[in-house]
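Below is one structure, written out as structure tokens, with a few remarks after it.
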Amino acid sequence: MDVTLAITWLRAVADSVAADADELTKLDSAIGDGDHGVNLRRGFTAVTALLDGTEFTGVGDVFVRTGGTLISKVGGASGPLYGSAFRALGKALPPGPVVTLPDLAGGLRAGLDAVSALGGAIPGDKTIVDAYRPALAAFEEAVIGGAALPEAAAGAARAAGDGARATISLTARKGRASYLGERSAGHQDPGATSTWLIFQALADVTAP
Amino acid sequence: MDVTLAITWLRAVADSVAADADELTKLDSAIGDGDHGVNLRRGFTAVTALLDGTEFTGVGDVFVRTGGTLISKVGGASGPLYGSAFRALGKALPPGPVVTLPDLAGGLRAGLDAVSALGGAIPGDKTIVDAYRPALAAFEEAVIGGAALPEAAAGAARAAGDGARATISLTARKGRASYLGERSAGHQDPGATSTWLIFQALADVTAP
Amino acid sequence: MKKFINDPNDVVAEALAGLAAAHPELRVDPAERYVARSDAPHAGKVALVSGGGSGHEPLHGGFVGAGMLDAACPGEVFTSPVPDQILAATKAVDGGAGVVHVVKNYTGDVMNFKMAAELAADEGVTVETVLVDDDIAVQDSTWTAGRRGTGATLLVEKIAGALAEEGGKLGEVAAIGREVNAASASFAYALTAGTTPAAGRPGFDLPDDEIEVGVGIHGEPGRRREKLRPARELVRSALDAILEAKPIDSGDRVIVLVNGLGGTPLIELYLVYGEVATVLAERGVEISRRLVGNYVTSLDMAGLSITVTRVTDEMLRLFDAPVRTPGLRWGA
Amino acid sequence: MKKFINDPNDVVAEALAGLAAAHPELRVDPAERYVARSDAPHAGKVALVSGGGSGHEPLHGGFVGAGMLDAACPGEVFTSPVPDQILAATKAVDGGAGVVHVVKNYTGDVMNFKMAAELAADEGVTVETVLVDDDIAVQDSTWTAGRRGTGATLLVEKIAGALAEEGGKLGEVAAIGREVNAASASFAYALTAGTTPAAGRPGFDLPDDEIEVGVGIHGEPGRRREKLRPARELVRSALDAILEAKPIDSGDRVIVLVNGLGGTPLIELYLVYGEVATVLAERGVEISRRLVGNYVTSLDMAGLSITVTRVTDEMLRLFDAPVRTPGLRWGA
């Protein structure tokens, strides 16, 4: 992955978050406070401005600054979580304008670790983790199996989607939806859904 | 009219106000504040309690105390107006347990004068006066023409009804409906409507 | 209708019981239905009594206390109090120096207070009446009931109350109350109607994109309906009407009240106050003091009123004087 | 959606502009998005900083001033503030004696304040965090996000703020804040959902005869729905839950907050307070102080919360200490 692809990915995320903001907000209204779509749209709009106006020193730099922007602009639970994830991803990458597929896999793992460390959620808590973790597992497996980025990304997106959909039956134990107790079951988690959008965007921009 | 008839009339008013309270409130919601029905029901419920528990010294006494009760219980515009009207009616009657038809006509005139003096409304202002004045005129005309109470009361009730309906086209110049200016036209005045109920009750209880 | 009540008929009595329990510094007479300062009467002090229909809280009961009202008479919801009640309150707080009745200009309030004043006079209590009629959305005319009393009531009660507290004479207290009223103009918008407990449904229905312009605090419909517009335009229209109705000019100092009607969140009231400040600055009018909040409400109506009062040094001094009531408190 | 706004995206910024115009005694930084006492920092004084999503006004911006908060950071509507904002406010009011962050227990608030505290530590400012989690409608558990912070936030800010004002040390101020939180329990009911400007429609739909039991202040649905019942029964259920969750017994003294969520008229809040007073009297619990009004709101939600805080002499003394903020004021 090079700087241009990183930027293309993030722009695709911004577009898809904007297109699906209402849908994310609707999911968040059902089991949260109805701001997830607006939060992420605000954040990725700021990321787009960042991408427009910055000379990046490398792929890692793109992600570190993206994470910082998300932390500064999103607020709520998702801001620090996604912000930390992108910062961790960026920091884990070796410096320079191009990184390898294993580098990227390692970076994505660092991102998940950051989410877990900050939010304390484990699989099954009905959070971002429930899409991110299977996506990462699929990505790593593909990389180990020798797949190229498009294939690894497509697998990750599929796994993220499955993970997001599987949150429907879960009872939330972290985040705002946890206040609902058992009433949170039957609804798809907004954060897991936006994680799916992020991996789907990577699959889309790398698709042959 | 004797004390028993006076009491019968007022009980009939109480019944009819209770039965039509929602209708009066609906009229008052359209061009006022939606409390006329509740106000009068509260007032005439108190009047009923008064009638149950009091030895009256004469017909005049019935009306004077009724007026006092309305003033103490109704509030709003209609409380002082109807209260003063009944007090004036009672005070204008000669003492004793029976009064003549001309006495009653004179008392009703005193009641209208009280309403006019207190509220300052003239015909066409879209108020109680627009039902009361034609009712009184019909009553007086019948009495002068030698009619008995049932006939005079029936004529008064008809005239009050016509007067109340005729308020529909009027633009209010007094009371709360006046704030609406021209938007008050097209709605029947609640106070004129309750005046009609009062005269109709007299016609009903005297009907042969 | 969904409300936190028991029986619609008991709302006023039970709310008064709650007010009494919440404010030991007030004396609530449940039988006579008035709320008084528990330290009243003050011998030699002019007393202020106000009242009106319930549903406008904190007006009036929330403005009873040192530096403001001596007593308030709450009527049924949106229904003026009755003369007995007003008389009882008037006698309870009369300190021998006379009583000022602050009366909002509604036919019912005017008549009931007038009757009470006559009864009080019969019992030797001198009453002066200050009529509040600041709502310039209503056309003024000697042939009609005239303008309604709304937001300015708060300022009349505060400023006249302060003068009474510092020993003003009956005529002086009434006079400054009248001056404040004459210098005040208000204009209100509603987004929804309030629901009285007795009626059980909203006083009027408004389409999803329309507002009542010039609405009254009892849910009396306004003079017209309009499509909802941005706050900045609504504020401009309201201030145009206010500044046209009253001689408030560049260089004048004013008190501004941005008042919520009950169902409008404070965040919107502050946003609106920001617009008011911008427009008045453009016109060269100096906002010396301001209040932003729910003071003169209309149950759960989503809406707001803007009141502008041109002030003198004396009015400002009295506005700043200490006040200690449930609904307004400073310096004490 | 009908609101007094211009563009839904500008609501928070424009309301802040209005707050700034209305309160010259506050310093509003529009770029960094915080509200501070204009006389801050006070050298040697522990500073209190709080914040959270907007839409809960007067919380928190309305509680900035002498005797309470030194600064508040308003986030977007129902969205916690971001670390930069909190850091800027923290640095702006730090007087060298450390800063207490009062944080309502929501995942987003907790994480953003935590990041800000770490950044502040990097810059040499010591931060202690007081987490408020009084909403006992939510089951407490180490495996979940725990209980939400609601009405008790006001009491924590008032009481800890008073101790800071009179010279309490960082550890002491934080400690009493935590004690107040530990001694507090809240429970809320909603009749309707609030509407955020961004979403444009109510956060949830409730049938005409149902209420949300245990609703959160961001319109998070409660734990269950019920048919509407008389106020007296709802109060009894809420107090049963509160007294069961916290060790509040006969003979204890408490502060009670009957708090409107934005769209509930004061007349209903007083009626409800009357019921609370009756029930607590039955249980032998003494209400030493009380607040009835809209303090911790949820936009235009019709609903209310009841908070009970068991108090010590020291807490009462600090509660009574002078406070001078837009939303809470006495003794000054």
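So that you can tell them apart, the chains are marked A, B, C and D in the order they are listed, and the count of residues begins at 1 in each.
Heads up, the rule we're going with is that a contact is a pair of C-beta atoms (placed from the backbone, for glycine too) under 8 Å apart; a residue touches a chain by one contact, two chains touch by 3 or more.
Just so you know, these numbers come straight off a predicted model, no measurement behind them.
No other two chains have as many C-beta pairs in contact as C-D. If you average the Cα atoms of chain A and of chain D, the two centres end up 32 Å apart.
The centroid of the Cα atoms in chain C and the matching centroid in chain D are 29 Å apart.
One finds 54 Å separating the Cα centroids of chain A and chain C. Contacts with at least two other chains are made by residues 77 of chain D. Not a single residue in chain B touches at least two other chains. Arrangement of the chains shown, judged by which pairs touch: a linear chain-to-chain path with two open ends.
The complete set of chain-chain contacts reads A-D, B-C, C-D.
Within the complex formed with chain D, the residues of chain C that make contact are 2-7, 11-12, 14-22, 54-55, 57-58, 62, 77, 189, 191-192, 194, 208-209, 211, 228, 230-232, 234, 262-275, 277, 287, 290, 292, 294, 297, 299-300, 302, 304, 326, 329-332. On the chain C side of its complex with chain B, the touching residues are 53, 75-84, 106-108, 111-112, 115, 137-139, 143-145, 148, 196, 198-199, 203-204, 216, 218-221, 223-224. Remark: chain A residues 25, 29, 31-35, 38-39, 42, 71-81, 118-119, 172-176, 178-181, 183 touch chain D in the complex.
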